[in-house]
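Look for subunit A in each of the two complexes below; its partner is subunit B in the first and subunit C in the second.
Moving on to the complex of A and B:
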């Protein structure tokens, strides 16, 4: 039973629309305009000047950061997906209903702990006199320099997205038609082969979307590259915070931000196309 | 799940269980370490543990900036929770009840903000809000947080609405209830657990959000922004003390929300 929209309906639908247009769409559009403004004597000057775009795109440091960020985020997506899958598989197929509910609840908890605090905690584990090196010291190894390496950055990305990826994978695995798996078994399809030829293709949409979320989160994160990676190599997010916070060069930061949004849109579009390819829905 | 599957192999199952335990160990190691080291006396935390101490909690409690940060966080979180839940409820109800041209765009606006990296959102918010003279205060943090939190409120409440018998509301109209009366006596009571759930969840989200807040807050720092400041300065176990405190607060809210949301299992659709 649907009725045409009325004052009653507008009371409920308009507030969110107005809020998101005013404070989500407009800021992003303003970012586009801002990228053509200039800065003179620390003050913003409205205008239409492509100087920010040519400056940023003419800098080797931008392209280096771009390549680094893209590579790190792509690596994080692959690594997280691969490391999350056995866990998601175990939760979806090997646990009882009660145990599964608990497992899911436990995976939700990290969302409500401060990411900053967890990253600081990894510093305690990874630093030269930290927990890992202390343990390695007891068996006569090390110390190894683990903090301020790309590996530590990766650990931060995993911390950020692993719980979300596991949950999304569990979600897509539980929706697989069980009869498909049993049919494969009845046809004497081996266990691993069932995973690769039945389960993964059936859950493809969910797996790809999960990896996409990991990519988005890692691509924009500035905490791990700074506090675990030591700021080296520079990522786009570090470039944005530096340009905004110290340089007052908001228009240039806007160029970097828009480049990031553009990249994310291309990646998201490609991933979604791939995820739904061949689906008749 | 067929328990007597000939394809099942105990070794593989055990391997998977061990892997699962390791996965949870990875997820909870930083949380647990933060908790343990918040009571540990060493200035530079490591193994073996020093002695038990409450010094870091005392140091945090004696820092007036932490208190003002906590107060800002709390005020912002409560207001963000209320506004996000109101907006989210409206959007969820709109999606549940109406079909209209451009609904896809409406839903995209309602759900997209959390997928934009916070750093970009932070920059856009800072630039835009300072242009309209709203940046650098608690209001700007509230505005930005609602943008990110409202979609979560909408998703939670929409899920609850999808469990409602779609004939309930028309039945109320047929019995002579006005739209507003049906809303008050049918929809709202049915959604009440999800509404409170959304309220607590969005509050918890706001309590932990630091990136956007860091960009727009100016001098009115929230607690997570304060933590970011500690991280930028010298390393200090005070972060652990604050982290543990905020964790307990957030978890209380989440568990409250969970209790409210899981009541639907106990009483399936009985609020006519």
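Moving on to the complex of A and C:
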């Protein structure tokens, strides 16, 4: 039976709807239209021409950047999830209530500082004359090239998403039904096996959503690949800036942006489907 | 007593109220006494509307500059094309983009009689792109050279005096690129011996691509404005392609061990020109600013800009700079000594940075993306 639309319901749902239409749907439609425009003498010309799509999809460098970005974001999601889980587990199960509150607070603190500033500060640690190489130098090692490498880019991605992933994992683990864990222990399930057979499956939704957030943030990030990765290898976000530098080619940049949005949507739907698979209301 | 006491309390309240009103009103009265400064919008590279350059002009003309800084000519054109006419009163543009500004109708025509063009070196009096069909649309205000930038602890000036140094095995992973195809590929073209680095046929272009690709294993990164500064400053990159004194001059001033040199294969010249934005409601003030910054006094100031130093085209500006700051004049080669900055141009050692002539702009940019991704 359909519920009648009430003024009360509209009052709360309309602002969100208006917001989404104004700041997501409308710009997205504009981006789609823009991808068919052309550029002449640095000026955008409205029209309907598929040249931008054929040009971008016909370029090997686009597919190379696409593969690189996809691989880096996927690796960041896996790495962040694996590294965040022990911390989230300890916060959720091992700490007292007070300590847990402090730990959550500590995970929020990084967001007080600009991400760009945090990434720049990593340069001081990772450069050839930086802190890490100085420490390694004391024991006769190095210097190792750490800055301007994919590894440094990954460090940036972790900086961006690690605190958020830990927080999401903590919330997910906190809501696990403790009787399931006790039951597993009563049935002589070992600690490690309990983690893999009970805790992780129970917290699957939260863990997958946390990894998804990491993927989304890393996939579109421009700061780390440029300031820690030294712009190599080229990621899609870098390719967008390169494209706009090429005679105001915003329509071609729109093609790349739409490809990124499409990819993120596919990944998000797949992840959400997997996260909620088998769940009932 | 009581009355007296109450009086004193009332008086105190009144005094307080009166003082408060007076304190609040004083700025308003002061503002009425001297008119509020006129805002003048400037679209420029960072540094051009900073106090070290504009403070004197602002004070003398009761003007307040409102800068909008961009990074790169495409960014500049984008900002203009997305803004209504009259948004920007003064526009600073790299010389390559001046023609596009004019062709798109973004700038007003200038009256040559308004400016001290006769004080300019002859080479700059009819600067390409500034004039069209005998009409003046912009005026060059400063320029600089691009060559090999290097860390003085890692390389000597003699070693850095050829672009071939970028292939030196000891620089593997230590060569940086300023992330813009035009200066980098122009330098590769010079290295290939092209007398006009941007006017090359298909065979020449293929050779430039091949030469550039061979440098890829040496490259440690591709950097924007900020990244270029930091990677040279902290020694992460030991040699840099596509830049010159506009970066190393600033770093040296702050104690970094870096320098730049015009190599034996020749260097490139970047140039910045001022125009008045189309539809500016304050065109007279904008004209006054261009008169100021292209005058001898303004030019000497511009040469020493804190954000990035530059050479200046006004001969009298050189004289003022030599009197004001002889060390900086000498450092930048703006003296009467042989081998000075003008001699570099006159002997053909430096060529204008410009858009490719026989290839599309996009062709060069597309190759640059491929090179970065290689």
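Everything that follows uses one rule, which is that the second predicted complex is superposed on the first by the 256 of 281 C-alpha atoms of A that agree within 3 Å, B and C clash if a C-alpha of one lies under 4 Å from a C-alpha of the other, contacts with A are read in each partner's own complex, and residues count from 1 in each chain.
Note that contacts are C-beta pairs under 8 Å (C-beta built on N, C-alpha and C of every residue); 3 or more make two chains touch, one makes a residue touch a chain.
Keep in mind the model is a prediction, meaning the values are calculated, not measured.
Contacts of A:220 after superposition on the shared chain: subunit B is touched, whereas subunit C is not.
For subunit A, the partner that touches more of its residues is B, with subunit B and subunit C as the two candidates.
In the superposition on chain A, contact of A:123 is made with both subunit B and subunit C. In the superposed model, A:59 makes contact with subunit C only, not with subunit B. In the superposed model, A:43 makes contact with subunit C only, not with subunit B. Of the two partner chains, subunit C is the only one that A:230 touches; subunit B does not reach it.
When the two structures are aligned on the shared chain, A:145 is found in touch with subunit C, with no touch to subunit B. By the touch criterion stated above, A:244 is placed in contact with subunit B and with subunit C alike.
After overlaying the two complexes on the shared chain, residue contacts for A:110 are found with subunit B alone; subunit C is out of touch. Residues 120, 123-124, 127, 129-130, 227, 244, 250 of subunit A lie in contact with subunit B in one complex and with subunit C in the other.
Interface of subunit B with subunit A (complex): residues 1-2, 5-7, 9, 12-13, 16-17, 19-20, 23-24, 26-31, 33-34, 37, 44-48, 86-91, 93-94, 97-100, 106, 109-110, 112-113, 115-121, 123-129, 131, 143-144, 146-147, 150, 154, 166, 169-170, 179-180, 204-205, 208, 210-211, 215, 224, 227-228, 231, 235, 239-240, 242-243, 246-247, 250-251, 253-254, 258. Residues of subunit A touching subunit B in their complex: 1-3, 5-6, 8-9, 11-17, 19-21, 23-28, 30-31, 34, 83-84, 86-87, 89-91, 93-94, 103, 105-110, 112-125, 127, 129-131, 134-135, 158-159, 162-163, 166, 178, 182, 185, 190-191, 194, 213, 216-217, 219-223, 227, 237, 240-241, 244, 250, 253-254, 257, 260-261, 264, 268.
Across the complex, subunit C is touched by residues 41-44, 59-61, 64-65, 120, 123-124, 127-130, 145, 147-148, 226-227, 229-234, 238-239, 242-250 of subunit A. Residue ranges of subunit C in contact with subunit A, taken from their complex: 72, 74-75, 77-78, 81, 100, 103-104, 173, 179-180, 219-224, 227, 230-231, 234-236, 361-362, 365-366, 368-370, 372-373.
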